[in-house]
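First the structure, in the form of structure tokens, and then the observations on it.
First chain written, first letter: the chains are A, B, C and D, and each begins at residue 1.
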Amino acid sequence: MSANSFGQILKITTFGESHGPALGVVIDGCPSGVEFSHDLLTANLERRKPGQSSVTTARQEADQAEVLSGVFENKTLGTPICIIVKNQDADSKAYEAIKSQPRIGHADDTWKLKFGHVDHRGGGRSSGRETLCRVIAGSVAQMICEKLRPEIKVRGYAKQIANFILTPEESENVWHTNIDNFKTRFPSQRENEVVALLEKAKAEGESFGGVIEVKINNITAGLGQPVFHKFKADLGFAMMSLGAVSAFEIGEGFASSQKQGTEFHSHLSGAQYGGIRGGITTGETIDFRVGFKPTSSIKDLAKKGRHDPCIVPRAVPVVEAMTWILIADHLLWTRLDRI
Amino acid sequence: MSANSFGQILKITTFGESHGPALGVVIDGCPSGVEFSHDLLTANLERRKPGQSSVTTARQEADQAEVLSGVFENKTLGTPICIIVKNQDADSKAYEAIKSQPRIGHADDTWKLKFGHVDHRGGGRSSGRETLCRVIAGSVAQMICEKLRPEIKVRGYAKQIANFILTPEESENVWHTNIDNFKTRFPSQRENEVVALLEKAKAEGESFGGVIEVKINNITAGLGQPVFHKFKADLGFAMMSLGAVSAFEIGEGFASSQKQGTEFHSHLSGAQYGGIRGGITTGETIDFRVGFKPTSSIKDLAKKGRHDPCIVPRAVPVVEAMTWILIADHLLWTRLDRI
Amino acid sequence: MSANSFGQILKITTFGESHGPALGVVIDGCPSGVEFSHDLLTANLERRKPGQSSVTTARQEADQAEVLSGVFENKTLGTPICIIVKNQDADSKAYEAIKSQPRIGHADDTWKLKFGHVDHRGGGRSSGRETLCRVIAGSVAQMICEKLRPEIKVRGYAKQIANFILTPEESENVWHTNIDNFKTRFPSQRENEVVALLEKAKAEGESFGGVIEVKINNITAGLGQPVFHKFKADLGFAMMSLGAVSAFEIGEGFASSQKQGTEFHSHLSGAQYGGIRGGITTGETIDFRVGFKPTSSIKDLAKKGRHDPCIVPRAVPVVEAMTWILIADHLLWTRLDRI
Amino acid sequence: MSANSFGQILKITTFGESHGPALGVVIDGCPSGVEFSHDLLTANLERRKPGQSSVTTARQEADQAEVLSGVFENKTLGTPICIIVKNQDADSKAYEAIKSQPRIGHADDTWKLKFGHVDHRGGGRSSGRETLCRVIAGSVAQMICEKLRPEIKVRGYAKQIANFILTPEESENVWHTNIDNFKTRFPSQRENEVVALLEKAKAEGESFGGVIEVKINNITAGLGQPVFHKFKADLGFAMMSLGAVSAFEIGEGFASSQKQGTEFHSHLSGAQYGGIRGGITTGETIDFRVGFKPTSSIKDLAKKGRHDPCIVPRAVPVVEAMTWILIADHLLWTRLDRI
């Protein structure tokens, strides 16, 4: 089965446990001739890396990517690309207790119940560390898009952390801001307050949730399939497959459920559709939001310092990566639309 | 490609245009020996059928299902089950105008742009009529579940229509109510007001959105795959693949994004997780919500009477069908979990 | 699962039992804008039809194809194409005996053992009648190829029936011969002897095997994938999936196993490779052979006249159909080779 | 796409170029709880390894397998198993010439034509070195089978090398012989002659083809799917996907094409069917044969000593590996047959 695969044309298969020897991904279906940018890959991994700031987990990982196949003389070969990252700072001793006592909010018990035999160390494969592989695959997808459609832009940022919510002006401003200048990726003048909140939470074993918003500009029109693989459905699937995510909406989302048709459908096009009609991109800006629960590791577990008080800041590059994978997947898929 | 397939073990492939000769579905992966209930199938199709009440479209379709294969002596054979429904009341003349002028809020133009050649009549394959095939497949899935796990219950209902929202008590009461006794599937004493609103909307070419909530009781623990095919991810994909849907959330959903961890994660289990942890069902009640936009056909288009002023009432059996397909799919999948 | 699907980009899913209401196929992944030729489809079905001559089964079937979806104004829509054929001359009474006594050489007992519940009538889904669906899908594939690469030619014919074997001259002559002018599709002056042999066999409940050879001319170079989906592997899979087939070889096949390298690899290109090197088409003529066992229905079973004394004549259009499907599949697939 | 994947339930995805950093495989769909035998894996890799005897290539590779994921405390976790082998003796300089001049009988030119950009060193991904990954995956499959059905035995051996052919007695004797005691895996008293022939060929730049025969004993009945994934079809696909293979037959194979039905179908069961009827295993011994062309590297290319004068001896464990993968795949698949 393909329990660990994602995508139709550009198909990724991820593997690896949090405290095993390595994690990685095989990317099948990447065309030949794509220039491979190690810099882009490294930069994206840096953005997701643990230990990057005072508001993230203290786990130290170099997260150095090794390209094992599919790339030659800095170009893709059309063969499967395998890229791995070896684990280093895997402090498994801290997890001995889990063997007998499942952690609140985690998958320890459901996993055990399902598979019987589990790697209890650091959550094994249900650790957030698996998102590393998504960032790798997303980077390759981004390289494909940059070759095919360099005008496409993807921008993710924290729309909300705890009770801090971006103002409409701050939200609109994100294309003119370097999101990564903000530790929490909450692009607001109030960010110092958010930082303080998260630092305090980290010290005290508290945690918070939040919402990531993503905008896609200059997207090619005609992406998405009519029935099951609507572009919005693939986006929803991609986002809901992330560990801490509990909600997804596109365009006006839940708010549209309270609108009247004559008000909502005022123009043929419009931001209310989130850039998608009939499951197919219109070419207008796509925007969607992803809701994250508070981090599950709290109190004593969290105080050991190896957990994020809020996962949103580090999840931004992951959400962007999944978005790039889908864009590349559907861009390639359109080659099959017409005879 | 499998643009028109859904499911991993129980794989359905749908086909058919709104005004073509027929619509249908092939269900591959259904085990042999499942008792086939024509009554259940008919009942589910009746619940989705157009023209069923004063608050739905006036299109008249018998929606009579013909089983072409895979069933013999009222039992499944383990071979692919093909079931079709022929179109009858396909009034295509009303759609001549679309050829030159795309309808607001519809997929006419994105579709044309993608495929070049389109069946403009009644939205072709992007018509809501395609959900018929989902209800057929969902019925077969329900038969599988009734054999494997008769205790599982799925209950969908309108949580919100326009600005009417169920009270918490009404929501809790749904297991003791026959939802189908309510024309709008909004199980409330205020339903007469909702009916009046929708009848008026139908007459005036207005439309409304809404929210469907689904609860799953007595679900088997251990369903779902650790990474991409988390149970919540497959649910999100299923729901976002429906035409008018713009939002999905599970458990506390977006509301959880504003909670503190020490408050949210107060117990090992709990309703806040929506019955899923680490992507895997815990055995507790699953609950999720699906947000629908107002129907796209408004004003003159809608006044011709062949459109629903709010799609929520007829979408309830569709949402339930997709849920059954996923439950059956994952129930079968667990057979592969352990050696 | 996809037990009943074939192909990667052009994906077909077949359904139907020999004595059920209908058989059919859903073709997913056919691009929009392909001209649909009902004449080609009908002609191919005629070539496979039972009862077409004195050397085939007496079962009478109109085999009239109904296109249910995916085609509008004689062009494909890019949506799934479903085409069915209803069964008519299903004389099921003759099969009552099988319920208790499995037929020699058939799948009656293996099937029963696997699925428990079976449709014993006429072999159910393991009847050769399922190849009807392959001919339908192959016809659509042929339409795709005619649009993309009209120069490609596929020619199948009986290379051997019983102990009659084409001379090298007769084999070479096949492009200048109308194979269908030969009842047995054995294009030789000795065909009258083969006809006499098969007519006698039909009367006496005897049966024979044979070999079909296929040549592909003007094939596009570059078709096939490097490792698992080598063009020769997909061909081997396609042919070995036919009921009565027990052998497959390409180019010099088994004969090459006895050759010396310095003799065999005398030139960069050459007929010895069968038009494929490294799994990828070179553009040279492809040739392969498919070995068929004698028909399983013999003696009393066969004398009832509803079985073919040798399946090779009717299998020629089926083998060609599978070849077209693969060519179309790989032609479309090459669109994904390079960025 | 899944150009580099094989299998339906037990799905393997291979990667790696002959002279790249590493080759490997991801195995998805392996149930949890399978005891992982490093010894079995190592033993199988030793059997395939280059440089193992005087009749194989002189390339020296340790072929040491590193398990990166999916195994913990010597048991499988139910998560994807990634196993890699790093390349060491990659003497790429010898391949500089290929850049401008494609080698006879190789894929250098077809590959270039397809992908444009290629890794010319050692054949890149179309090198026989990719079969390493098949042996790894086959070993895991064998571990699964040993847990589920320890009675199943797979035995491969050279049936023919050049013009040396096993006698029927030698063929029947293979279950009582340690095939690996024969350098060429041709289990005959005449093996010394075969060795001499191949040593001479190696010195002189000559090469030979051959035939591998495989027998499967005590196979579970009921494996295989009715239409496309017949057990024989999957076997044919698996074998034809190997680089040097040009022919495949099962049971009596091509010889059956010359038989009369009343002679061939003399008994309900029987060796003539090769252990498969209707595509489904009967439980009787399965036997099939795989035809190999002479090695493509001849004359000067071969004299450099890094090529096998006949690939059959080293291909035996590869053919066995593919067989194990299919058995495990179909064994797991039968869990889905019945409700």
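As a convention for this text, a contact is a pair of C-beta atoms (placed from the backbone, for glycine too) under 8 Å apart; a residue touches a chain by one contact, two chains touch by 3 or more.
If you're wondering where the values come from, they're calculated on a predicted model, not measured in any experiment.
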item: Of A-D and A-C, pair with higher C-beta contact tally; value: A-D
item: Maximum centroid distance from chain B, chain identifier (CA atoms); value: D
item: Computed distance of Cα centres, chain C from chain A, in Å; value: 46
item: Rounded Å distance, chain C centre to chain D centre (Cα mean); value: 27
item: Centre-to-centre distance between chain D and chain A (centres being mean Cα positions), rounded to whole Å; value: 39
item: For chain D, residues that touch 2 or more chains besides their own; value: 1-5, 8-9, 14, 29, 32-33, 76, 78-79, 114-116, 125, 226, 336-338
item: Chain B-touching residues of chain C, taken from the complex the two chains share; value: 1-5, 8-9, 11, 13-17, 20-24, 26, 28-29, 32-33, 66-70, 72-73, 75-82, 84, 114-119, 124-125
item: In the complex, chain D residues that touch chain C; value: 1-6, 8-9, 14, 102, 104-111, 113-116, 125-126, 130, 160, 162-163, 201, 205-211, 221-222, 225-230, 232-237, 239-241, 243, 245-254, 256-262, 264-268, 272-274, 277-282, 291-296, 298-299, 302, 333-334, 336-338
item: Chain D residues touching chain B - in the complex, by the definition given at the top; value: 9, 29, 31-34, 76, 78-79, 144, 147-148, 226, 332, 335-339
